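When the chains are written out, they are named A, B, C and D in that same order, and each has its own residue count from 1.
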Amino acid sequence: MITVSIVGASGYTGRELIKILLKHPQVKIAHLTSETYKGKRISELHKGPAGFIDKRFEKLNIDKVAQDSDLIFLALPHGKSQKPVAEFFKKGKKVIDLSADYRLKDKSLYKRWYGLEHSYPRLLQRAVYGLPEIYKEEIKNSSLVANPGCYPTGVILGVAPLLAHGLGDGNSIIADAKSGVSGAGRRLDSAYYFSECHENLTAYNVGKHRHIPEIEQELSKISKEKITISFTPHLVPMDRGILSTIYLNFEGKVSLDRIWTVYKKYYRKAPFVKILPKATFPEVKNIVETNFCEIGLMVDKRTNRIIIITTIDNLVKGASGQAVQNMNLMFGFKETEGLL
Amino acid sequence: MITVSIVGASGYTGRELIKILLKHPQVKIAHLTSETYKGKRISELHKGPAGFIDKRFEKLNIDKVAQDSDLIFLALPHGKSQKPVAEFFKKGKKVIDLSADYRLKDKSLYKRWYGLEHSYPRLLQRAVYGLPEIYKEEIKNSSLVANPGCYPTGVILGVAPLLAHGLGDGNSIIADAKSGVSGAGRRLDSAYYFSECHENLTAYNVGKHRHIPEIEQELSKISKEKITISFTPHLVPMDRGILSTIYLNFEGKVSLDRIWTVYKKYYRKAPFVKILPKATFPEVKNIVETNFCEIGLMVDKRTNRIIIITTIDNLVKGASGQAVQNMNLMFGFKETEGLL
Amino acid sequence: MITVSIVGASGYTGRELIKILLKHPQVKIAHLTSETYKGKRISELHKGPAGFIDKRFEKLNIDKVAQDSDLIFLALPHGKSQKPVAEFFKKGKKVIDLSADYRLKDKSLYKRWYGLEHSYPRLLQRAVYGLPEIYKEEIKNSSLVANPGCYPTGVILGVAPLLAHGLGDGNSIIADAKSGVSGAGRRLDSAYYFSECHENLTAYNVGKHRHIPEIEQELSKISKEKITISFTPHLVPMDRGILSTIYLNFEGKVSLDRIWTVYKKYYRKAPFVKILPKATFPEVKNIVETNFCEIGLMVDKRTNRIIIITTIDNLVKGASGQAVQNMNLMFGFKETEGLL
Amino acid sequence: MITVSIVGASGYTGRELIKILLKHPQVKIAHLTSETYKGKRISELHKGPAGFIDKRFEKLNIDKVAQDSDLIFLALPHGKSQKPVAEFFKKGKKVIDLSADYRLKDKSLYKRWYGLEHSYPRLLQRAVYGLPEIYKEEIKNSSLVANPGCYPTGVILGVAPLLAHGLGDGNSIIADAKSGVSGAGRRLDSAYYFSECHENLTAYNVGKHRHIPEIEQELSKISKEKITISFTPHLVPMDRGILSTIYLNFEGKVSLDRIWTVYKKYYRKAPFVKILPKATFPEVKNIVETNFCEIGLMVDKRTNRIIIITTIDNLVKGASGQAVQNMNLMFGFKETEGLL
């Protein structure tokens, strides 16, 4: 039994984290902080089961949170996490950061894409990228996990087996991703109004989304060469879920049987990745409110392309569920504890 | 003032056609046929303004419809249109066929993708592909127009200017299209239930959709070389609209300025195509219930790709609105009559 | 041909007004004002056809707007309309005010429900309540029309024929109304976010909604006795439309035939009210984007209640369409001009 | 640990039951039957976690199911349950029937509202109405539980405390209920298509819904006088959830404080009923995918009415969750086991 706190618990990510942790048999929640909503009852803001906790948002007090917690989750906006993560880490606490602040190893990339200096470059090197299907052992031994972005989770899981086996041309990757509106979080922006999103569909940040360097960093590591990709996110009128349609060229002959076997083997120890039967494709509905990633595969011989379609719930496997999966690994719990 | 009839008027396409024609100042509706709903009041089936017509569905009587109509629209399922189109044509009537039956010039392609023999191969050669932005003069002089499919309209309009100018590699085209549920029509299939589509998202017919040969036929004509494309349709939880995200590789240097100017010029006489300001992208909401196609353009120098995003309303520019645009051209009305 | 301006043209009501007026053959638009968006292109804010106007939002200049306009529509928030309405009126202009500022004849009621003093109580008496089905002649001769609220339109039209004939107990009226989210307008409030409204349903302002005194004022006038009603509004996850389910007790025997005939007769000259066949009920989809009000009637003999269900589009018959209907009457155009 | 089977497991109710039971620590699933889908994998039909069971639908074999099960849930269409319930009961099995077949004590009422004879009138008398908040002791000792309908659950829980205390006029009750589309089940009917339900809202079976006699039977029992109510169901464009707005007249003075205290006390041992703070109202989102019923209360002194608003998830507290709650009581498990 461990005690955890959530710093920045008022957003959708915080809400999902509370909801999952309330059902986790090994966890007790100590503090839930929010600068915006401090003093307010959780249940006044968080609809549904996450509101079934009798606590109030508190102003962040680093010392108090550190003292009362074995693990701290931070679900703060990008840029706001740098300092508290460093402080908790210095106090010897285990930390899982759900922001982008500790994901990019190269601080110049962080500056270019996020417009911010990184004040803790050495700590950056100690952070482990929290994608358990790829870094399970590192996560087990880590005190600082940088929880992946939602889009990167869906895209990286979709192509990692190919790149790890040198199959297909990594630099031909086009990832066309479609996300539900909860991915935008709770920011006050009229673009996310019901009357604006409903019966609408749009692409955004075309070729410029901040998840691009994160995806490229990880794909480059896996394939051991520099990978550059096209990535286009879209906003779809649903609340939750991401479906990523990924295209990749291959030379010569590649059979679907071969590819499918590679994926099955690569993910044989990954309890949350499901490889669908050949040439069948996932639906968002199957994985909403779960920590699963479903993957469908197809080889298009007309165009010499492999088409991979992956689905995740952006708030679970794309954020809070994955954070709990990382917690399970860091504390030696069963990887699926609280997540099935 | 002309008199028109709609054969197969009970589907969503028929409904939209009625709705548009009721507002068209040059048109009177004679017959509306439906084998399934014959005898039923239009208003019992068609919700909204299309129901504001005091008529009943009739069983199709070729002679009677031909006698009373200057033009016949056919909105029948694929395969069902071959014969009545031929019969109306033989009687000297003008015909706009909204099915796929007269779109593919190569009857062996029709057989391969639709599983049917074509019984009127000579008539196939006389049909004009009804995309007014490309075949305006041919349509004006035609008696038989094969109205394009919804996905092909969005994709062809998106890349025609590039291919016509030999810009980019036509065989690198990947079209990732997302459609509202009305595109599935009124077929009785539990896949299109509210509880199945809502909060869901899925790809379907990956690499196998019947609109592929139609798109390839037209792109090959425009580029004067054989084009093979990747095309992936998706089902999005909204009623109407298609957004197509199209990727195309280029060699050497291509500036967005240049591309944008090419598009503006190519569509300078196309009243329903809007080229958006550079590096801005269309939203489905802007064109729903209109006959417009909006196009956004971007050049991604990191990956040497041109990204084109187009939006149409699948039931208007993707079907019934385009049919009326074709009618306007065939009868010498203003191209935009009844459509603004 | 008249020239009109819209003061406060950036909201959803303003957007619909622009959209309708652009198709109206007798109207030219002069000025569109918005304090928040002044200088911005209309098309940058208003999605869809309303954005197809090549104008920018201007800061309000009373003199200039008055000089260039035969009629001014005001679509400002409640409280903000009092003064400009008075100024335009003083300059001899015709005015249609879409806010609540000139709807309540009793300024103490205005103060109680809106928390504001009314500075123009005499002008209040000159304003005509713009429900054409009831005040057609007064509207024709008026220079100042107070356009009804959306809920009051649906409820008043639903029970006026009964109260005018002394049928049923006016003080037993319960109106349970359900509205789409666009009714909330474009206010920046996280309650109207997609992720909050979608897959949700709630009642709000139970027994306290500001439309209650407006409904009671009008029902009392029609029935010539003081009427008090129960009114409960609900927020439904759709963009547009209001469905009002209204219950009213009767004593003795009342047949549906009798009631139905009363409604048909009462609305025989009302081109936008449709009485549905006996014991059939309206759907929102039938009237969305139209100026129609559909009414379904039932007599429940088990409970001695008449049940009336009405539907309107909150942005059309409940706001901008009704305003144009009023304009048509004020200027001697055909009542349905631009609205069919 | 008990073993259960579900007869008629292919509908939405069956799906939710599987999903809940898979997480229940005291239950093992033996058979899942479906005449329509026999032989098909559960995961091919049931999207989401309910599909995470490695079983196939079987044809119903009464002997085999009885032999292998301690308890049988029946989720068959109305009329189809009569016989198998009787057979399982005769074999000494515990049974929870989710259809309406054993809910109405008066077989003539069953005939009038369902159009069917009841072949097991004596068994009807032995069935306990499975609303645990009212019949907890009877359920504990029962072998045959008739699980309540979804609308009755929301309405009865909403007014039971008042009627039990003789507060207000039971015969003035008007229940205006709004349900998500999943309430219609998986019947093949084009009325429940996405394109028909989305952006739509309608009332149906006004004054004629089959849940009326069920509600009246139970309210009459509670109040010890014959109660007749008005009940109007509506179809709302969301997947899950019912919100019921209930109006009831009172004579003399009734304070909200008094009413609220009555409710708190009445439900003090009901773990799934939440009485909200005075004059605040529930939202569907708060209880979706949970077994909770939330109740908001208001006294409207202007009209001498009590307004009660309740929310439930139609598939959980309105069906499968309540069935599991009943199972927990019948087998001596904790009432909330598997449901929190």
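Methods note: a residue touches a chain if its C-beta (ideal position, glycine included) is under 8 Å from a C-beta of that chain, and two chains touch if they have at least 3 such contacts.
Keep in mind the model is a prediction, meaning the values are calculated, not measured.
S.K.: Most remote chain relative to chain B, going by C-alpha centroids?
M.R.: D
S.K.: Of the pairs given as B-C, C-D or A-C, which one copies A-B, with over half of its contacts the same by residue number?
M.R.: Equivalent contacts to A-B are found in C-D.
S.K.: Whole-Å distance, chain A centre to chain D centre, using C-alpha means?
M.R.: Their C-alpha centroids are separated by 38 Å.
S.K.: In whole angstrom, how far does the Cα centroid of chain B sit from the Cα centroid of chain D?
M.R.: Measuring from centre to centre gives 46 Å for this pair.
S.K.: Considering chain D alone, which of its residues make contact with at least two other chains?
M.R.: 47, 196, 198-200, 237-239, 283, 285, 288
S.K.: Which of the residues in chain D end up touching chain C in this complex?
M.R.: Spelled out, the residues of chain D in touch with chain C are 174, 176, 178, 180, 196, 198-204, 206-207, 228-230, 232, 234, 236-241, 243, 245, 247, 279, 281-285, 288, 296, 298, 300, 302-303, 305, 307, 309, 311.
S.K.: Which residues of chain D touch chain A in their complex?
M.R.: Residues of chain D touching chain A: 47-49, 51, 199, 283, 285-290.
S.K.: Residue numbers of chain B touching chain D in their complex, please.
M.R.: Touch list, chain B to chain D: 12, 47, 181-182, 186, 188, 190, 192-200, 237-239.
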